[in-house]
Every structure is written in C-alpha cells, then in structure tokens.
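Here chain A shows up in two complexes: once beside chain B, once beside chain C.
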Partner chain A sequence: MKIIISWICLALFNVSIISGLILAFIYKPFNAYESVQTITYLVPYGNLFRQIHYFSSELFVVFLILHIILELLKYKIKISASSWNYSVFATLLLFFLMFTGYVLKADLNGLSAGQVALSLIEQTPVLEWFLPLFEDTNIFVWKFYIWHILFLPILIGFAIYKHVDKLKTKYFIIGLGLTFLSMMIFDMPKDLDINLTLVHVTGPWFFRGAENLLVEGISPLLVDIIILIPFMLLISYFYLENRRKTINYLLLLWAALYAYFIFI
Partner chain B sequence: MRISSLYKILTIVSTIFIVLFLYLDLDFYDAPFQKNIKVSSPDQCMSCHSTYESLDKSHPIEIFGCAKCHGGNKFATNKIDAHVGIVNNPSRLEHTDRFCSECHSDVVNRIKMNPMETQRGIKHVLQEQWVEKSTGLDDKEFAKELAQSHFAKACASCHVNQDEDIFHDKSLAKGGGCADCHRVEGIFKEVHPKFTTKIPSSTCLKCHNRSNRIGTSYFGKFESEGYGTPYKNGEFTNKLDSSRFYYELPADVHHQKAGLDCIDCHTEIGVMGDGRENIHMEDAVDIKCKDCHSPEFKDFLPDTLAQKLLDLNGTMPTSPKQIAYSSRKNAPLYNLQKDKNDKIQFYRKRDGSAFDLTKMSDKSYHNSSIHERLDCSACHTQWIASCYGCHEVYFENGKQFDWVKKEVTKGKWLEFRSFLRFESPSLGIGYNEKIMPFAPGCQVIGTIFKDKKVEQFHAMAMAGWEPHTTGKARTCVDCHIDPASLGLGRGTLKIKKEKITFSPFYNSKKSGMEFDYAIDAFVSLEGKQFQTTSREKARGFNKEEVEGIVEAYKCILCHREYEDKIYKNFEKSKLLFKEGKTSCLK
Partner chain C sequence: MKDQVPIMDQYNLKDVNPKRRKILKTIVKALPFIGGASLVYPLYEFTSFSQSKKFSLAIPLDKLTSPVTKHTKALIKKEGEKIQVFDSRCTHMGCILNIDNKNNKFVCPCHSSEFDLNGKRLKGPAKRDLDILDYKIENEILYIG
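And now, the complex of A and B:
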C-alpha cells in the first residue's frame, strides 16, 4: 500500500507536468490574466487541461503528505542519506512550485500572493539578496514563470530521480483517474478580476498560515523560519535516529499550530 | 493483497473511469463551443446579453463591451463565472474609481466634493441654525443630536449617491451616482439605461422641488395647499407628485420664451463641481445673468472641455469662432456662440434650437450708481415661493426610516408648515453683499416629545435666493414703498410728516408663537434684525438703508417710470434738486 502511494505521487507529478506542458503553449506571461482566461473559456479543452493541471498538482501534495506521514510512522529508513535529503529538498521545492503556479494565474489572488511573497523576501535578511531572482518590474509574473516552467520542474525532477530507486510510469493512468475523480467532486476556485476591491484576497491554502502570521505582526524573518521548521525537522529525522518519535510529535505540533493560523 | 493485483485493479478502475469521464463530461470542458454559444466581441457578455445597446455614443458597446464598466469575468462563457465580482451600477460613487476614473478621473473627483453629494450645505445650515442660533435648545449636545437626526430622516434622501432601490415610490427615487443625473432611459427596466449630457430638467426637479422650490418656480409651478384643482374625472389635477399639487403661475421668462432647461444656463463645472469642497449652492454655481446677457467671448479652442461638450451634445455647431465663458469659474458656455460672421446665437442644448440673445441694455436704470448694489434678481423676480413657519415635531420614542443608515431607527419627525405663499419678494443684503430677494430659509419651530416631556425651540432664519422666476422688472413703487420688499413683513406702511410707521398683519403671539415679531418680518423699521441668516454677509436692511429706500418715494410719487429723464443721470438730477433748479418744489 505504502509503495503504491509513492508511485501514485510520481504519477500525479507526471500528469501535472504533461498538462502543464500543454498549457504552456497558450500561456503568455506578458498578458497573463487574459491568457489564463482564454485557456479557461475560449481555447478548446483549455479548461480541461487547466483543471487537470490544478487537481493533479493539489493531489500530488496530498499524496506526498500521506507518503511522508506513512514513512515517518515507520521509524525505520531504508534509503540512503542523499536520497532522503533529495526527497526533503524536492518537497520544499514542490511548495515553491505550487506557489509560483498560484501566482501565474495572475488574478487578484495570484498577484496579491506574489506581492506578499516578494515583500517577505525583501524584508528577510540574506534572502533579500535574491530578490532580483523573483522580482520583475515590467512583467510581474515573468520570473515566477521562469521558475515554474523551467528551474523548479527540472530541480524537482532531478531530486525525485535521485530519491526513487527506479522510475515507474505505468501508474500514470491511476494518477489521471484520481485527477478526474477530484475534478468531478470539487470545484476549482474562481479567478478574481484584478480590479475587484470588495473581496477578501487570499494566497494558496498552504501559504495562508504564513499570511496570517504576518497579519498578526510576526516578523518576516520569523515567518520564514516557521515555514522552514518542518523541512529542518525532516532532515534531522534521518540523522537523529533516537529522537524520531520526538520529531514526529514536533511535526504534529507544528502542523496543528500552522493549521490554526491557516483557519484563523 | 499483492501489489501487482492492487495495481491491476486500480488501473482497470481508473481506465474505466477516465473513459466514462471523457465520454460523459468532455463537452463540459469545451466551452464556448458546447451549448451553441457564439464567441462574441469584445467580451463574452454579449453572448447572452446580445440585445443590449450602447450606453451612449461615447461608450460604444462594440468597443467597450460590458466588463469594462461592470466588472465580472469578460472571458467567461457561463453565467456564474461571468458574474463573479460584477457590479450592477458602476456609476455609483463607490465604484467610479474602479470603473470610470480611467477616463473620467477629473469628473469623478469633482463630483465627490460637490455639495449635491456631500450635502455639506444642509449640514452646515442645520448645525448653525439648530445648534448655534436656536432659542430653547440649551443642551447643545442634544441640539446636535436633533440636527443629525433631522438630517438623516428628512434631508439625506437627496444626494447623488443615494441608494435608489430604497425608495418605495419609484417616482421619487433619487441617487445612483452618475446615473442619478445622466441616465434618461431604462430606469428600473430590463434594458440597459441610456446616458446623456442633455440632462432633462425633470432630473434636476427630482431634488430641487422643495426648500424654496426654485426648480418648480422656474416652470411656473407653485406648490398649493394640499390639493390640486380643477377636480377632474374624480381626482385632483396639477400633481407635483403623489401627494403634492401646484398652481400655474408665470414661469421664468427663459422658459416662457425659449423653453430653456436648467442645463442651458447651468454649466458642467457649476453642476458637477469645480474641485473645491464648496459648502453652499452659491459657492458651486458659477453662472451669472451677465455671463449671457453681457457675455465675454473668447476664441474657441479645439481639444478643450468646450469641444468635448459640444461633440457630446451634437445638436449645435461644433466649430464656432468664439464661445462665451462664465465670469466666476471660466466655464465654457458652449451654447452661446459667435460664428465667423460675428453673429451671436444662443443654442438650446436639448435640441440645438437657436435664439437671438437679448443683451443687457445700457440704459440708465442698469447703470445708475444708486442701483449698483442690486442683484439682477432684486428687480427681475416676478414672484417668489415663500414657505413660512416650518413646524418640526420630534417623537423620541417613534421610529422612522433613516436615509443615512438605510434602516428604520429610533426617533420620528413630522413636518408641517404655517403657510406657503407666492409673493413679491422681500429684499435684503445677500451672501454676495448685493441686494437680492429673501424668503424663509428656514423658519424652524420645533416641538420635542421626549421622556414624557414636551420641549420647544425655534430657529427663525431668512435666506437670500435666486427665485428663478425672471421676468420684467418690478416697478419702483413695488420696492420702495412696499413694506414686504423692505423686509418689514406684510402690513400697513404709513408716511406722515416724514415719519414712517408700520403695523404688521401677522400677530405671532396670538398665533401661539414664542416670539413677538411677525413671522414674515426680517427686520424692524429701526433696523433691528429679527431673524438670522446662515451666511456671514447676509442680513436685512439696517435703519439707514430702510429710510434711504423709503425716502425715494418723494421722487417716485411723480417719476414712476424707469424711463423718466431724472433717472438718466440721477446724480445730476439730485444736485439740481438740491440747488432748487428743478420744477419739483414749484
């Protein structure tokens, strides 16, 4: 069962990559919102591929978390240190990839989330040096776009390649089936026109905890550290063999607290 | 279960599911080609709203589409997605920054500071008259509460951004932002409204039909007392609205002779605002009689507000040699034009009808130094509507609709009046230090039912008005020997052995009032001012002025006509009189 879930994770990643490649033919970062809407409403089956891309990515995160939980509960690690570290690295990058995708839709929520992220980077010591890697004064989504379609998929793909002992593509059908199932059950959030002023703007669900921490007056540096805590715990999980149970409790505590700030 | 078995089961289930999904649901993802939706331009709204027509010629729907002004998702081809964030009336002022300001930021900013939106004038007068100058309201905090309550429950229904949906009687509906004035068709109908710059006067009269009723007066309508005659077909006639009626009186000469509307005189800057936070109407209005009747022409420049307004109007020549400008705010009077042959024409904005302009004559009565303080309206007003004694009754435990909070709240006001009459206007010194017509504005006689107690207060005020009943000038006698014109009120004025006496008709004490002067008396013969004003420089005539005006009767008794030769050079005539060189003393 556990191995099936890990393969489904990989399958969902593949579904997301392939649907994303199709969307990339239509998406124009210099006219982002219009091109997303064109994909959604005007391009034949554009909405189908957009929804496949969205739900496969969301499911990937869900199955990945499930995969991590199941692995953590075993307390025994069969893979090498580098494979473990690559997997944590891939997880961190995955959330970054998801976030850039959220910005790329370029609606009110997307652009606002991007702006919050840029401000967070700008106000964090050391991280601020890397602001030019994310900020583009002419085309807001441009660098998020580069990260989303180029660097992050390659880096994550490489990390996954290093993490798994062999690549199996035959689970693709199951990944696609699960994606279609979620498309039938759930609705994709509506895009909000960038001129809307009377709505509550939010970032992606996994970023809302960080947003609310900032709203509560927590310093950007501390928010960055809070975001990185689970990844640091995951890394240490491998090396602190005798403290794995404690680390699990700490991860649970962190998840509970972060969930509180998501729903606050 | 072995992994390979589980894999096979999951694969088979997934494959069946994918095939079924693609077979059953694929069309759903193929909008707009499914359901025969035709892709429209410039946005998808027209796929459903194909019957809607352009707002006006400046906002062609073929170019603007719908979402540009109404928001929503212009790409969406289903109603739910398309209507996310949609705004029904984007011309409401809370939406104008988002929708209108891209092109009309100047106007949007001006209208938000306009007294017709801010109601600063009403608030200012209420504060001054009720809180600062009233008699009987010693608790100033309570007086302030009363003024605010009265504003919210009586006055606040009229402002540009009022919510028109809250009016039960749709014929009385006001508000809606830009639409309040510019919308001419499609109000509360299932068609897209039409906008115009040719604002019909009926739009102005939605609000300007009370207070001193200048809107109705202009059209010769005087509000009657409670019913309209003649009684026809089982009901009253001459209705102003569902509960108010009118008499026919002489209309303003501009309406009588040329059928002019409000917008023919009142300019875009005067009505929409000049960008300043004006308090009172007279601060906002920029037009003066002389702007048309003694106009100043300047070269017509293309690409200016004048050309924009001319193009929008579309009924009159659009390339005049010169146009007139208002003297106060330099607003273009684009309908007063001088053509290439220097012919001056005044155009009616509604339909472009041309009229020859009557220029102000340079006869002595217009240039005489003795009349230099007179506002045109002091002489050229045919009649004025005067509403005396506004009885405001407040029930603290009652409930009434609050036009600010838009809900029923505690406290109820009832309004009555002593009497309403048309008359030759009283005169006084106006806000502009010119002699102009005065009428009650307002004479508040309040009764407060609070905590099983009854309190009373009064705040009696007169105000200078431009009555909008312009016509031939009043006679000399009408002003100089009429006590009402002098501000003394109606009564008997006697001059015996050069001593002036006056006895009023109205007896306030016998009428149950708490003051001892006649309700229509602004000042006494001794120059004592009975009633306040809400303008710093406005006042009734003082003793010297009253005596000076009345003293003229000596001349007027014989020289009754304006055209009389003694008025051609009155200073010289006076000198001759003093030197005994006239025939008067013989």
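And now, the complex of A and C:
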C-alpha cells in the first residue's frame, strides 16, 4: 500500500509538470491575470489543462502527506540518510512551488499572498538578504514565475530522483485518473479580479495557518520558525532513532495546532 | 637497447615530496569550489538589481469626487481644499487597504488591521500609522511621488 501511494505521488508530480509545461505556452508573466483568464476562457481546452495542473498539484500534496504519515508510523527507515534528507528538502520546496503557483494566477488573492510572503521575508533577519531573489519592482510575478517554472521543478525533480532512484511510468495513468476524478468532484477556486474590493483575501490553504498567526500579532521571525518546525522534526526523525515516537507526537501536536490556526 | 633505462628510473623518486604532492592535489580539488565561491557575490549583486521602487501618479483633481479615493498605490483623502495622500499598503504586511465608507476607516483585507482616515492606526496587527506620501498640485492635477 505504502509503495503504491509513493508511486502515485510521483505520477501526480509528473502530471503536474507536464500540464504546467503546456500552460507555459500561453501564460505571460508580464500580463499575468489576463493570460490566466485567456487560458481559462479563450484558449481551446485551456481550462482543462489548468484544472489538470491545479488538481494534480493539490492531490500530490495530499498523497505526499499520506506517504509521509505511513512512513513515520513504521518507525523503521530503509533508505539512506542522504535519500531521507533529499525527500524532506523536496517536501519543503514543494510547498514553495505550490505557493509560487498560487501567486502566478495573479488575482486579488494571489497578489496579496505574494505581497505577504515578500513582507514576511523582508521582516525576517537573515532571510531579508534573499528578498531580491523574489521581489521584482517592474513585474510583480516575474521572479515567482522563474522559481515556479525553472528552479523549483529542477531542484525538486533532482531531490525526488535522489529519493526514488528509478521511475515507474505505469502509475502515470492512475495519477491522471485521480486528477480527472477530483476535477469531477471538486470545483477550482474562482479567480478574483484585482479591482474588486473584498472584505477578506486569503493565501493558499496551507499558508492560512501562518496568516492567522500574523493576524494574532506573532512576529514574522516566529512565524517562519513555526513553518519550519515540521521539516526540522522530519530531519531529526532519521537521526534520533530512539526518539521517533516522541517526534511523531510532536509532529501530531504541531499539525493539530497549525490546523487550528487554519480553521480559526 | 641494453643501455636503455626504464622511463620511471629516469626520475629520482626520492626527490618527490609526498607532502607537497598532497597539498597540490588539495589545491587542484579545491579550485572548482574556489571558482564557484568567487561567483557568489557577483551572483547576489546580479539578482539584487532592481529599478527604483519610486512611482509617480498624476490624477486630475476633478476625478477626486468622493472624500476618499483608492488607487493601487495611494489612498487620497480630500476635505474641501485639504488633501492628504497615504501609501495604500498596510504597514503590517503590505496588502492593499480597503476603504470602509460606513465606518470611515481603512481596513486591511489580509490581516484585519484598521486605520482611521487620517492614517492613524486603530487596530493591529499593524504596529504603526500609514505612510504619508508627498504630492504637489499643478494645473489642477495632483502629482504623487
């Protein structure tokens, strides 16, 4: 079961990458919102490819979390330290990839989330040095775009390759099937025009916990640390063999608290 | 042919200093890293390049029909002849503020900070008042920035 879930994970990642490459033919970062609307409403099958990209990415996260949970419950690790570290690194980057994708839709929610992320980086010591890697004064989404289509897929692909060591293409069709199934069950969130006035705008679902922590007046540095806690725990899981149960409880506690702040 | 000396014997191997050879090997191995590291600062400077964040807006005064006008870059408050211009970004995380006409305040749609129409902070998480922008009026046109 565990092995199938991990291969479905990889298949969904591949579906997401391929659909993303297709979208890249039409998407233009200098005219981001308009090009997203063009893809959705004008380009033949544009909405189909956009939905495939969206749902395969969301499902990838769901299956990845499931894969991690099943792995953690075993208390035994069969892979090497480097393979484990690469997988944690890939997971961290995956959320970053999802976030940049959310910004790239360039609607009111996307641009606000991007602005909050830039402010979070700007107001965090040390991290502030890296602000120029994300901020562009001319085209807001430009550097998010570069990360999303180039650096992050390459880095994550490399980390996944180091983690799995081989590819199984037969699961691709299952990944695609699950994507279509979720397209039939769920609706993709609507894009909100930048000129609208909304009482409340939100970031992607996994970032809402961090946003609500910011609402509570928690400092950006502390919010960054809270976001990084599960990744630090996952790294230590490999090395602290006798403390794995404790780490699992800590992860569960973190997940419960973060979920509380997502739904607060 | 008998006088021919094997090629290795032509060198006096006693002269070879293993320590020096080890140092040379280390230097050769380190060269790519030194080369890579020497590019870190230029790379940082390259990616840090950005054009000025300053902007300028020109709005005809007759367009300012309501007491408070929202623009993506500025919030303009007009009371008779008196004009005040605030940065439209929240001082907490930079989200573009909304105008709450009913309660006469600016509200952040991201984290619910509130400011009065004079830019004073009413409610957090923002910790300071809104930034005031410079402006001038020439030929009935408001120039901001």
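Observations
Everything below uses one rule, namely that the second predicted complex is superposed on the first by the 263 of 264 C-alpha atoms of A that agree within 3 Å, B and C clash if a C-alpha of one lies under 4 Å from a C-alpha of the other, contacts with A are read in each partner's own complex, and residues count from 1 in each chain.
Assume contacts are C-beta pairs under 8 Å (C-beta built on N, C-alpha and C of every residue); 3 or more make two chains touch, one makes a residue touch a chain.
Bear in mind the structure is a predicted one, so any value in this text is a computation, not a measurement.
Superposition of the two structures on chain A shows chain C clashing with chain B. Of the two partner chains placed by the overlay, only chain B lies in contact with A:Ile173; chain C stays clear of it.
Of the two partner chains, chain B is the only one touched by A:Asn47; chain C is not. By the document's definition of touching, of the two partners only chain B reaches A:Thr38; chain C does not. Partner contacting the larger number of chain A residues, of chain B and chain C: B. Looking at the shared chain after the overlay, A:Glu128 reaches neither chain B nor chain C. By the document's definition of touching, neither partner reaches A:Glu241: not chain B, not chain C. Once the two complexes are laid over each other on the shared chain, residue contacts for A:Leu181 go to chain B alone; chain C is not touched. Contact with chain B, but none with chain C, is seen for A:Lys190 once the two complexes are overlaid on the shared chain. Shared contact residues of chain A, touching chain B in one structure and chain C in the other: 197-199.
Those residues of chain C that touch chain A in the complex are listed here as 44, 47-53, 70, 72, 89, 92-96, 98-99, 107, 109-112, 124-125. Interface residues of chain B, counted against chain A in their complex, comprise 3, 6-7, 10-11, 13-15, 17-18, 21, 25-26, 29-33, 39, 44, 67, 71-77, 81, 84-85, 98-99. Contact residues of chain A toward chain C in the complex are 112, 115-116, 118-120, 132-133, 135-138, 194, 197-201, 211, 214-217. Note for the complex: chain A touches chain B at residues 1, 3-4, 34, 37-38, 40-42, 44-45, 47-48, 51, 170-171, 173-174, 176-178, 180-181, 183-184, 190-193, 195-199.
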